[in-house]
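In the two complexes that follow, chain A is the common piece, with chain B as its partner first and chain C second.
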Partner chain A sequence: MEKITLAAFVLAYLGIVLFLGWRGFRNTRTVTDYLLAGRRSHPWVMALSYGATFISTSAIVGFGGVAAVYGMGLMWLTFTNIFIGIFIAFAFFGPPTRRLGLRLDAHTFPELLGRRYRSRAIQSSSAALIFLFMPLYASAVLMSAAKFLSEHLGLSYQEALYLFAGIVAVSVVLGGLKGVLYTDAFQAAVMTAGMVALLLLSYYRLGGLTAAYKKLAALHSAVPPRLTALGHQGWTAFPAFGSVLWWTLVGSIMTGVSIGVLAQPQLVVRFMTVRRESELHRAIPIGALFILLTVGIAYLVGPLTNVFFHETSDTLALQRAGGDVERIIPMYVTAALPPFFSILFLVTLLSAAMSTLSSQFHVIGTALGRDLLEEGLGLPARFRTLHLSRIGMVAAILFALLLGVEMERILGKTGTEIVARSTAIFFGLCASIFLPVYAAALWCRSATRAGALTAMLVGALSYVLWMLFMQEKTAALFGLSQRWFGTRSLGIVIRPEGESLLQTGPVLWTHVDASLVALPIAILAILLVSAFTPKFSPDHLARCFSPPNQNSAA
Partner chain B sequence: MLGIPDKAVFLAYALSVFSALLCVLYGVANWNKGDEPIQTEDVQWAKEEKEDIEETL
Partner chain C sequence: MSNLFSPAVIAGHLFTLWSALICVLWGIGKASRPAPSPDEPEETVRSWTQDERQIEENL
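Presenting the complex of A and B:
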C-alpha cells in the first residue's frame, strides 16, 4: 500500500513537471525564448530557478552527510552561499551581465565572452569545456537521482536512470529555458516545503531547538579518536585552526563551492533572462531565503543525526551508515521521521536533482548547438539555432547517460568516485578558467583578447596540474602522481620514519583546493598579458559599456 | 546561545540568518533601482507580442 501511495505521488509530481515543460514549449516562439526565456522572466521565478539549479541532491544529501561528520562548522558554507552566491552574484555581477548580454545580443555564456573579447576561439573553447566537463557533473546528479528512485519504487537502477533522464529530456528539449524556469520554480517550492518539514520534525523528535543542540554539544566526548587527531572538536565546534579537518573544511569544501558559483555558466545565463535591472534586485530576497531554507537546514540537521543515532542505537551517524556519507541523511529520514515524510523527502530530492539537471542539459545543449555548431562552424540562418540546440540537448543527455553507465563499467569503483567528485571539480574549473575572464569582461575595459585567452589557458593548466599531483584526494583518485612519482601526492613527503605533509606555516598544501591556486595565477595572467597586448577599439568598448542611446549616436 | 557553545559556529549560524535578512532589506530598498527608460524597441516588442497573442487566441 505504501509503495502504491509513493508511486502515485511520484507520478503526480512527474506529471506536473511534464505539464510545465509543455507550457514552456507552447510559449516558445523565438530563439531568444528558447535560449533566454524571451529575456522576460519574472524575477521570483528566475531567483527560484537560480537557487534550485545551484542546489542539487549533492548539496542536501552529500553535504548534509559531510555536516554529520564534520559538524556545524559547515554553516559557514550557508553564509558564503548566501553572501557570495546570491548577494554578490545578483547585486554586483547580475546588472552588468544583463546589460552586456543585451548590448552584444549574447544568448549564452560562451557567446557573451566570445562577443566581449571578439574571439571565436574564446567562445568555442568555453563551449567545448562546458560540453566536455559538464556532462560528468550532470551524470553525478543523474546517477544519484536514479539511485533514490530505484530504491523507493522497486525499479532496477537502469530502468530508473532511463525513466528519469527521459522525463528531464522531454521537459528541457521541448520547453527550452522557459520550460526549465517553470519547472525549476515548482521544484524550488517543493524543496523548500520538504526541507522546512525536515527541520521542524527533527527539532520535535529531539526535544526542541535548544535541547537538540545541547545534546549535540554533550556528544563531544563521543568523537572517535581518529577524528580528534585530525582536529575534530565536537559537532557544535569548528575544527582546530590549521588542522587537517580545518583545511579540508576551509581550503577545499568551502572555498571551491563558494567562489565557483560566480562563474557557473548555467547560473550566469539567468541574469540575462530578466527584463529590467530592478528585477535582479527583486530576485535577491527570494534567492537568499531559498538558500537559507535548503542548504542551511541540511547543514543544521546533518550534525543532529548523531544525536538521534546515539540515543537510539548508541552509534554515530557515520558508523551507522557503514562509512557512506551520502547514506546518512536518507537513513535518518527513514528511521527517525514519520513515513509520510519519506514521500515528501523523496520528491524533494527528485526536485533538487531535476532542477539542476534541466539547466545543465540546457547549457550543454546550447553550448554544442549555438556556440560550437552554429557560431563556431559559422553555420548561417538563425532559425537553425532552435533545432541545433535541441539536437545538442539530446546529445548532452545521451552523453551524460553514457558516462553514468560506462564510467562505472570501465573504471570500476574509481569511475564512480570520479563521477562523485565531478561536481566539486566542475565548480573549481569554472572558478579557475571563467571567473577572471568573466569579471574582466564586465568591469575591465583594458582587458585584451590575448589576456583573456592566456588566463583561460593558464587557469585550466594550473587547476589540472594541482588537482592531479598536489590535492591529495583527487591526486590519489587519478593515480598519476603515484604512477610517475611513487607518492599519492607531491605534498606528501615520504621518509624512512614515515609520511609527513608538506607544510608552510599553517598551510597544508595537500588540502588546498586547486582553484585557490589556479584562480590567483589566472588573475595575474589576464592583468599582465593585457598590459602588454593591443587594446580593443573605443568603438567596441562603447558598444559594450555605454548606454544604448549613446551607443547608437557613436 | 541556542545550545551552541562555540562562538565560531554560532557566528556562522547568526551570519547566515543576518545575510538572508540583509538580502531581503537590500531587495526591498532597491525594488525599482536601475530601471532604464522605455526604448522604442520595447514598445515595438510589446506591440508584436500583443499581435502574436491575439493571433494565437
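Presenting the complex of A and C:
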C-alpha cells in the first residue's frame, strides 16, 4: 500500500514536471526564448530557479551528513551561501552581467566572455571546459537520484536512471530555459515545503526545540577520541581553531563552495533572463529565504540526527551509517520520522536533483550547440537554428547518461566517489578559471584579451598542480605525488619518527583548497598581463560599458 | 539556551539571520522605489547589434 502511495506521488510529481516542460515548449519561439527564456522571466521564478539549481541533492543529503559529523559550525556555510551566493551575486554581479549580455547580445556564459574579450579562443575553451567537466557533475546528480528512485520504487538502477534522465530530457530539450525555469520554480516550492516539514517533525520527535539542543550539547562527552584529536569540540561548537577539522571545514568545504558559486555558468546565465535590472534586486529576498529554508534546515537537522541515534541505538549518526556520510539523513528520515514524510522527502530530493540537472543539461547543451558548433566553427546564419541547440542538449544528456551507466558498472562505489570528487573539482576550476576573467569582464576596462587568456591558463594550471600534489584528499586520489615523491601529498612530511603536516603559522597547507591558491594567482595574472598588453579600442569599451544612447551620440 | 552553543556557532547563526534580513530589506528597498539607473531599451541594443553584424557580413 505504501509503495502504491509512493508511486502515485512520484508519478503525479513527474506528470507536473512534464506539463511545465510542455508549457515551456509552447512558449518557446526564438533562440533567445530557448537560451534565455526570452529575457522576460519573472524575478521570483528566476530566484527560485537559481536557488533550486544551486542546491542539489548533495547540498541536502551530502552536506546535511557533513553537518552530522562536524556539528553546527556548518551554519557558517549557510551564511556564505546567502551572503556571497545570493546577495553579492545578485546585487553586484547580476546587474552588470545582464547589461553586458544585452549590449553584446550574448546568450551563454562562454559567449559573454568571448564577446567581451573578442576572442573565439576564450569562448571555445570555456565551452569545452563546461562540456568536458560538467557532465561529471551532472552524472553525479543523475546517479544519486537514480539510486533513490530504484530503492524506493523497486526499479533496477538502470531503469531508474533511464526514467529519470528521460523525463528531465523531455522538459529541457523541448522547453529550453523557459521549461527549466518553470519546473525549477515548482521544484523549489516542493523543496521548501519538504525541508520545513523536516525541521518541525525533527523538533517534535526529539522533544521540542530546547530539549533537542540540550541533548545535543550533552553529547559533547560522546565525541570519539579520534575526532577530538582532530579538533572536534562537540556538535554545538566550532572545531578548534587551526585544527585539521577547522581547516577542512573553513579552508576546503566552506571556501570551495562559497567562492565557486559566483562563476558557475548555469547560475550566471540566469542574470541575463530578467527584463530589467531592478528585477534582479527584487529577486534577492526570495533567493535568500529559499537558501535559508533549505540548506539552513539541512545543517540544523544534520547534527540533531546524533541525538536520535544515540537515544535509540547508543551510536552516533556516522557510526550508524557505517561511515557513509551521505546515508545519514536518508537513514534518519526513514527511522525517525513518520512514513508519510518519507514520501515527501523523496519528492524533495527528486526536486533538488532534477532542478540542478535540468540546468546543467541546458548549460552543457548550449556550450556544445551554441558556443562550440555555431560560434566555434563559425557556421553560416542558415545553420544557426534552435534545432542545433536542441541537438547539443541531447548530446549532453546522452554523455551524462553514458557516464552514469559506465561509472556505476565499471567502478561501482569507487566510481561514485570519483564522480563526487570531480564535482568538487569542477566547482574549484570554475572559481580559478572563470571568476577573475568574469569579474574583470564586468568591471575592468583595462583587462585585455591576452590578460584574460593568461589568467585562464595560469588559474587552471595552478589549480591542477595544487590538486595533484598538495591538497591531500585529491592528491591521494590521483596518486601522482605518491608515485613521484613517495608521499601522498607534498604537504605531508615523512620522517623516521612519523608523518607531520607542513605548516606555516596556523595554515595547514595540505588542507587548503586548490581554488584558494589558484584564484589569487589568476587575479594577479590578469592584472599584470593586462598592464603590458594592447588595450581594447574605445569603441568596443564604449559598447561594453556605456549606455547605447551615449555611445551613439559619441 | 545560548549557553548550549559556543560563541562561534552563535555568531554563525546570527550572521546567517543577518544576511537573510539584509537580503529581504535590500529587495524591499529596491522594489519600493524606481531604479536610479535607466534600464536599457532592449530593442535598441538588439537592433544595434544586428546592424553591426550586417556591416561585418557586408564587409
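As a convention for this text, the second predicted complex is superposed on the first by the 543 of 554 C-alpha atoms of A that agree within 3 Å, B and C clash if a C-alpha of one lies under 4 Å from a C-alpha of the other, contacts with A are read in each partner's own complex, and residues count from 1 in each chain.
Here is the rule we use: a residue touches a chain if its C-beta (ideal position, glycine included) is under 8 Å from a C-beta of that chain, and two chains touch if they have at least 3 such contacts.
Here the structure is a predicted model, which means the values were calculated and not measured.
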Contacts of A:V394 with chain B and chain C, given as first, second, both or neither: neither
First (chain B), second (chain C), both or neither touched by A:D105: second
Which of chain B and chain C A:R29 touches, first, second, both or neither: first
Contacts of A:A211 with chain B and chain C, given as first, second, both or neither: first
Contacts of A:A283 with chain B and chain C, given as first, second, both or neither: both
Touched partner set for A:I521, first chain B, second chain C, both or neither: neither
Which of chain B and chain C A:V170 touches, first, second, both or neither: neither
Footprint overlap on chain A, where chain B in one structure and chain C in the other make contact: 71-73, 75-76, 78-79, 82-83, 86-87, 91, 95, 210, 213-214, 216-217, 233-234, 236-238, 276-278, 281-289, 292, 296, 547-548
In the complex, chain A residues that touch chain C: 39, 71-73, 75-76, 78-79, 82-83, 86-87, 91, 95, 99, 102-105, 210, 213-214, 216-217, 233-234, 236-238, 276-278, 281-289, 292, 296, 547-549, 552
For the chain C and chain A complex, residues of the former touching the latter: 1, 4-6, 8-9, 12-13, 15-16, 19-20, 22-24, 26-28, 30-31, 34-35, 37-42, 44-46, 48-50
Touch list for chain A against partner chain B, complex: 29, 71-73, 75-76, 78-79, 82-83, 86-87, 91, 95, 209-217, 233-234, 236-238, 276-278, 280-289, 291-292, 296, 547-548
Complex contacts: residues of chain B adjacent to chain A: 2-6, 8-9, 12-13, 15-17, 19-20, 22-24, 26-28, 30-36, 39, 52
